[in-house]
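In the part that follows, the structures are each spelled out as structure tokens.
Same chain, two partners: chain A is paired with chain B first, then with chain C.
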Partner chain A sequence: MNKNEMLYKVQQYNFAAYDMLLYLDTHPDDRKAFRMFRQLVEKYKKLKAEYEEKFGPLEAYSAADFDSFNWLKSPWPWERMANV
Partner chain B sequence: MFKYSKFLQIPINIRHKNPRLANVIATQYGGPNGELGASLRYLSQRYTMPDDVTKGLLTDIGVEELGHLEMVGTLVRQLSADAPADEWAKMGSWEYYADNGASVYPQNSQGSPFNAASIAVTGDPLTNLYEDLAAEQKARAVYDNILRLSDDADVNEVIKFLRQREVVHFQRFGEALDKLQSKLKTKRVMGTGMKNNC
Partner chain C sequence: MEKNKTCVNAADMICVGSCGCVGYAYVPVQEMDDLMDVSRAVRCGTIFPELELGIDEYGKVCKQWGCSEDE
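And now, the complex of A and B:
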């Protein structure tokens, strides 16, 4: 998987987890939904960690995991390069 | 993508109710020099900034301002929560209470709702940074005014913290301006700021 394919996976799992979050906000006792939420968040965290290790931080404090400060590196999310 | 953290930058615990002071502090929620305008200003300016330093700095300060918006909202809420109606009549603004109850509403201290006319987003990087420097000074000045109006030690501790952050942001914007100016100078397109790919 190349950089943007990996990022797309991160985006997909992040979105799926967030959609589950909203469902749980109004159905906090739904155990099945909670299990799905846990799986989605776990997968998201794993994919995000893999992406960051290879390509750099997706959030500011992740920049602390690198040898030098690489938070400012392009592209930024509104730029086409981050969305191809 | 934004992510929410369930804590404030510093703890806020206001012991004494004061709806009148809440009405005044609400201007830093939705007034012309408030935190809502600050975050919208920086987060909107980002899109046309020419280099990674300014894109990153405007993102990071814009996000911090959203956190400050929540802190000002917390002040307003704690100052006005559960205050009885007669306390609002004596100490608060009747007008605010009539429309909003003890809510947190983005308006200035005189009741005008939030207006994006109080922020400028020009597409010119240097103009944007000068706007930001001025905005930080104006926000700092309003916090100074609030400190002169308030004798509540709990409130003032938080206001002083927010005031200090304006000073730090001013410093960082100044450094970003210096960096951008020297970059533009070497490219001999000083003042245009556009299409220089720096």
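And now, the complex of A and C:
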């Protein structure tokens, strides 16, 4: 997968996990939903780690996992290079 | 529903819309069924198929409790 494809996968699982979180807000005792939530979050974290290892941090705190401070490195999401 | 029956707790009352409590808004409790594939979910805006309602469906189609205009 290229960078954008990988980022999109991260976003898909982020979205799915959050939607399940909203469901759990009103169904806190739903064991099946909680199992799904855990799977989705686990998958999201894995994909995010893979993305960040290859393309750099997605959030500022992830910059702490690198050898040097690369949070300011381009391209920023709104820059043209980030959208090709 | 009998006239004198009181809705003790609307959430437990598995009734559709017309449960008879005047003045009460009633939203049926969602029961999770299958989930959509995540790639489709992010485009549909929900991971729950029963909540995927197009503007043309809204108010006409009931995806979970089985009542719709054309039935």
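To be clear about the criterion, the second predicted complex is superposed on the first by the 74 of 84 C-alpha atoms of A that agree within 3 Å, B and C clash if a C-alpha of one lies under 4 Å from a C-alpha of the other, contacts with A are read in each partner's own complex, and residues count from 1 in each chain.
Note that in this section contacts are C-beta pairs under 8 Å (C-beta built on N, C-alpha and C of every residue); 3 or more make two chains touch, one makes a residue touch a chain.
Keep in mind that what you see is a predicted model, and the values were worked out from it rather than measured.
*Asks:* Contact-wise, after the overlay, does A:Ala16 reach chain B, chain C, both or neither (first, second, both, neither)?
*Replies:* second
*Asks:* Applying the touch criterion given at the start, work out whether A:Pro28 contacts chain B, chain C, both or neither, answering first, second, both or neither.
*Replies:* Touch partners of A:Pro28: none, neither chain B nor chain C.
*Asks:* Using the superposition on chain A described above, determine whether A:Met36 touches chain B (first), chain C (second), both, or neither.
*Replies:* Touch status of A:Met36: second partner only.
*Asks:* In the superposed arrangement, does A:Ala60 touch chain B (first), chain C (second), both or neither?
*Replies:* Once the two structures are laid over each other on A, A:Ala60 reaches chain B alone.
*Asks:* As a test of reading the superposition: which chain, chain B or chain C, is in touch with more residues of chain A?
*Replies:* The partner that reaches more residues of chain A in the superposed model: C.
*Asks:* Mind pulling up the chain A residues that touch chain C in the complex?
*Replies:* Going through chain A, the ones touching chain C are 11-13, 15-16, 19-20, 23, 26-27, 30, 32-33, 36, 40.
*Asks:* Of all residues in chain A, which touch chain B in the complex?
*Replies:* 14, 59-60, 71-74, 76-78
*Asks:* Please give the residue numbers of chain C that touch chain A in the complex, ascending.
*Replies:* For chain C paired with chain A, touching residues are 29-30, 32, 35, 38-39, 41-42, 46-48.
*Asks:* Can you list the chain B residues touching chain A in their complex?
*Replies:* Those in contact with chain A are residues 1, 3, 46-47, 52-53, 55-56, 59-60.
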